[in-house]
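Here is the structure we will look at.
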Amino acid sequence: MAATKPSTLHEDRLFSSNPLERKIAKELYDIAKTLPLVCPHGHVDPKLFAENAPFPDPTELLVIPDHYLFRMLYSQGIPLESLGVPRIDGGQTEQDHRKIWQIVGENFYLFRGTPTGVWLSHELYEVLGIRTRLTGETAMAIYDEILEALAKPENLPRAMFDRFNIEVLSTTDSPIDSLEHHIKIRESDWTGKIVPAFRPDNVTDFMATGWRQNIDKLAKVSGVDCSTYKGYIQALENRRAFFKKMGATSTDQGVFTPFTAEMEEREAAGLYEKALKGEATAEDARMFTGHIIMEMARMSIEDGLTMQIHPGVYRNHNPEIFKKFGADKGCDIPMATDYVNNLKPLLNKYGNDPRLTLIVFTIDEDTYSRELAPLAGHYPAMKLGPAWWFHDSREGMLQYRHATTETAGIYNTVGFNDDTRAFPSIPARHDVARRVDSRFLAELVAEHIIDMDEAKEMIVDLSYNLVKKNYKL
Amino acid sequence: MAATKPSTLHEDRLFSSNPLERKIAKELYDIAKTLPLVCPHGHVDPKLFAENAPFPDPTELLVIPDHYLFRMLYSQGIPLESLGVPRIDGGQTEQDHRKIWQIVGENFYLFRGTPTGVWLSHELYEVLGIRTRLTGETAMAIYDEILEALAKPENLPRAMFDRFNIEVLSTTDSPIDSLEHHIKIRESDWTGKIVPAFRPDNVTDFMATGWRQNIDKLAKVSGVDCSTYKGYIQALENRRAFFKKMGATSTDQGVFTPFTAEMEEREAAGLYEKALKGEATAEDARMFTGHIIMEMARMSIEDGLTMQIHPGVYRNHNPEIFKKFGADKGCDIPMATDYVNNLKPLLNKYGNDPRLTLIVFTIDEDTYSRELAPLAGHYPAMKLGPAWWFHDSREGMLQYRHATTETAGIYNTVGFNDDTRAFPSIPARHDVARRVDSRFLAELVAEHIIDMDEAKEMIVDLSYNLVKKNYKL
Amino acid sequence: MAATKPSTLHEDRLFSSNPLERKIAKELYDIAKTLPLVCPHGHVDPKLFAENAPFPDPTELLVIPDHYLFRMLYSQGIPLESLGVPRIDGGQTEQDHRKIWQIVGENFYLFRGTPTGVWLSHELYEVLGIRTRLTGETAMAIYDEILEALAKPENLPRAMFDRFNIEVLSTTDSPIDSLEHHIKIRESDWTGKIVPAFRPDNVTDFMATGWRQNIDKLAKVSGVDCSTYKGYIQALENRRAFFKKMGATSTDQGVFTPFTAEMEEREAAGLYEKALKGEATAEDARMFTGHIIMEMARMSIEDGLTMQIHPGVYRNHNPEIFKKFGADKGCDIPMATDYVNNLKPLLNKYGNDPRLTLIVFTIDEDTYSRELAPLAGHYPAMKLGPAWWFHDSREGMLQYRHATTETAGIYNTVGFNDDTRAFPSIPARHDVARRVDSRFLAELVAEHIIDMDEAKEMIVDLSYNLVKKNYKL
């Protein structure tokens, strides 16, 4: 590798190199790129905007919180300890952030052809103004450049939010969260719109770490006695109302499978009480989750919050890493998923009700054309979440559009969301989505399946209108 | 949307926009487009040609019978009642066909990028001579234009059949059908060739609505006593012989899974008698269907009828719609399917016999390269049905050719079939297939995998020869 | 078909016909094509090089040993007997090799668009110097030309090996094999590098034909008493050491599923003793194989042999063919496979150890993006084997790169292997891989995802470096 290569961010990147398609894609992207970013689903910490403190350094900003990044380095034999990923068991990890950044530089070639490579290149170039390619040779110089950039007022969190042209950003929050940072933001003089989303997994899944204590906290924040199932449901409804008051327009549930099944209230109450006593089994938890999804749909019809579910991930597949570093450390593995049978009870009961917006995500691409597009292309309540996680990428999004459009159309999809913890990656992620959608539409125009005037409407729908409509933002 | 846009049907539609591939595709398509249409599998009502009455109006012709169309409208919250879909429970539905057509016009943008959009545009332009794009603004004017067109003699069913250049069209018929319309067509002076196909599901599946009464009807039409299993089998053979006399060259079975398993005759007889008494369980039905598939293969070897099976669809997934509107209303959902284990008994017993032609369809694209192409690329009896239903489309056909050709070649596939209830969509559907096949071959030529003289043979095989050979037409 | 057409082998074959991508692909391929062939996994008979006798005739060389070829002919109703495939039941088969070659010529059109067509065209043109297309008309003339070519010294096995520019070729060998041919090659004055690979299936799978006798042979060749489990394990270790001494750098296991599960030694010993007595069940065999995979990983960590597993094939799906002709006769069918749960015990115990290189193959393309790329993109020990068997092809390799690169990168893959019994097809197979990889990278360059200097490094990594590194060659 030569020592210092200019980094590039080509204006035609991610478009087909077929000249006709590229020309059309550019014309469509020129429309898309000016639209504000709508971010209805993500994991950015609201504290960032409540406090508006400068980001400390490149490693803290770009490496330590990014499991996409360090999972690849780990797969090549680089220990997580040496990347500064904090240990929950008290073990030592590298504290020298320059040393960590140097490792990233030396191994950045591993990300060739990956979305992490695309995003990080975009962030370095566009957000932080770096003009040399990140390698082992350039790592330290770039570290210094970034440090300098982060000290500038334009790179404070709120300033970034404004210059990213974000119209609204939703965080993801537990029912037991006081939403103190959201409150602080609303009370500040800053006009950036940050809203919470209601994610109840840690109080609905009996197997969640600390479930029992979380129920006590739920009782406390809601002021509702949770010692009975009736009270528990009321507490959830109460918190949804509070979240809604704080701007929330949606809920979110991460579940192992999309299993849904309604119980008699008596039966659900029995399981809940068993769990309170610490006696619930994994099967009890599965049944209860299947029931709670039904309850959440009922509540959504009542309070209007858009409902999201994310099934199909084997979380913490690697117990050694989980024990040392905890959850969300790059060892979550997708699984085959059945939606046809699992969602049937939910869709049969609530799927015909147009008051419900149920957004279903998948990480199992096989189900796009076989199950999800046919279901979304029939049930009025059901919509398809965008290409998710490992498929939040050029290949993933193209595959998604190719596999779902013919059966569900684009109007049963809900636009893009960035689903990220990494705030500075937001423009990069939306940019990829807008480019890939432009490219997909360009192919349809070039092959005379749709006309250009239709494509121009569709790119605005995909980039802006559909997300606002489906998330009621 | 601008009020009145010209509609277009570009001569290069569906070809790759890569100039070299497009040029080759056009040359191949120019060969394909002149060939007669062979339609070995479909659901057009033979009464249409027996009576040769004019089509009443656009809504009756294009909307009410087309579940592809109204499922998408339904998914966006438009009630089926408002689209005039007849209720089987006696409930009211919209009777004003202009009002229904207006809804279709206003929502036609939903079909951008879908096969329904492609087909309907083709029908409006090519079959009915409409030159403006269908929108809310143009809907009523187009309604009037179509009404006028339908009154012309060239748009009577038999005249359409002739101008569509259809060489032969197969309907799909129950063993208890008298084939009266087929008889009437044969007795008329019209030379159009319409043949039946033998689809016994309603007398072979114990769970089929009215199975018990259907057995009585089977006894009656065949003149064979069906109170024993032996008689029942004989009645099926008898009806196959009658169908064959009436021109049939194939049978068809729609099954939940491709499960096959031969029983001892005694055992099969036991299940049959149990079913006659109304005591059969779902599991009995499954076992009996698995056995009857084996029997149908045996009969096909004896009488030479090509055998087709279509598994893998969860029919009537939405009970609310099923109760109100009945079957085939857009709520059938594909499922994951296993062919390797399920077809083993059938293929082991009859798959090595070149007298049998067994055409297997799937709606689970995952099985193309993993299971179906390897099976068809080995067993002499087995052939692959074309991309089916949700995959009867640009993406679906391309995916099918890409996934099956390397392992099964094109010569273990059987050409195209339109599988449609919508008679005027037949030219559009064959046109898509011929264009996509031309495009696929053009890619192989452009990448120097095959030579142009080979591609020219192959496009004729795909468009005409393979279907005639495998359906013995 | 015209009587005599020139055969072609276009210099741009397999590249995209998009001019920009083709230009880049050519530039990358020009680098790749000069690199030596590294063949870490295949089934060429070492006797070929020990004896270095001339190949007898075209049919013996190209037809009889190639199940890819005769499976397609069989699928079109041509009996294997008429193709000279030897019967194990003593039945007659065609002995006239000219007659067999004539059948191949007449039916060569079946291979249009298939990898067998691509490989055979390459072999005829490039290895054997044939310049007319193989058809029924040209078959006999080509037969004579090939006969003549095979008599030349440049077409002796060792001379072919040298002119193919093979750096090293690994065979696949049973632990009970004496490796006599390898010994003879090493003792000869020829410098070609041929190494064995340790494939223990016939002594680890209780259900393998002759397992009991194989254990006796294992005891004999190893000199270790195998009447106990301890002895058996020691004998395996002993043979691994011998294979390593003879140049082996890897092991290989073909398994029905990737099921892994460690047993207590006592429990494994119990199963082993049960099997010795001939009392093991299929379930015992499954459990024992799941345990032996764990043991093989342990041994690999100790002796450094790279470990390979190949699951997911239903072997000998057609018992009629199996009884007449034996195994490997084109009736092996891929199945759906689960890696997430099955590999968990193995990966949890050994997957974090960078001393282990575990190469996992699949024939179930669905698992590329859903399971295998995420697993290989996390566990340091795990790497992805190349697109295998039915997917050792243009479509297969492209699909593999598109589905795995974003999540696993190219650096968790291990380059190409030809996995072939057909020695003269080796250059053709590597050529396809290098062309498809060049094409894939060209797409990334043309779409500005990577730069050309990166692509130039990557093509060398994919064609040469990764395979040497991961197989320690």
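By letter and in written order, the chains are A, B and C; residue numbering begins at 1 in each of them.
Everything below uses one rule, namely that a contact is a pair of C-beta atoms (placed from the backbone, for glycine too) under 8 Å apart; a residue touches a chain by one contact, two chains touch by 3 or more.
What you are looking at is a predicted structure, and each value in this text was computed from that prediction instead of being measured.
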{"item": "Steps in the shortest chain-to-chain touch route ending at chain C and beginning at chain B", "value": "1"}
{"item": "Angle (degrees, nearest 5) of the CA superposition of chain A onto chain C", "value": "120"}
{"item": "Interface numbering overlap (same over half, different under half) for chain A and chain B", "value": "different"}
{"item": "Distance from the mean Cα position of chain B to that of chain A, given in whole angstrom", "value": "40"}
{"item": "Junction residues of chain A, two or more chains touched", "value": "18, 366"}
{"item": "Partner chain B, residues of chain A touching it in the complex", "value": "18, 20-21, 338, 340-341, 344, 347-348, 351-352, 354, 366, 369-371, 373-380, 382, 402-403, 405-412, 443-444, 446-451, 453-454, 457-458"}
{"item": "Residues on chain A engaged by chain C in the complex (per definition of touch)", "value": "1-2, 5, 8, 10, 12-19, 71-72, 74-77, 109-115, 117-118, 314, 317-321, 330-336, 363-366, 390-391, 393-396"}
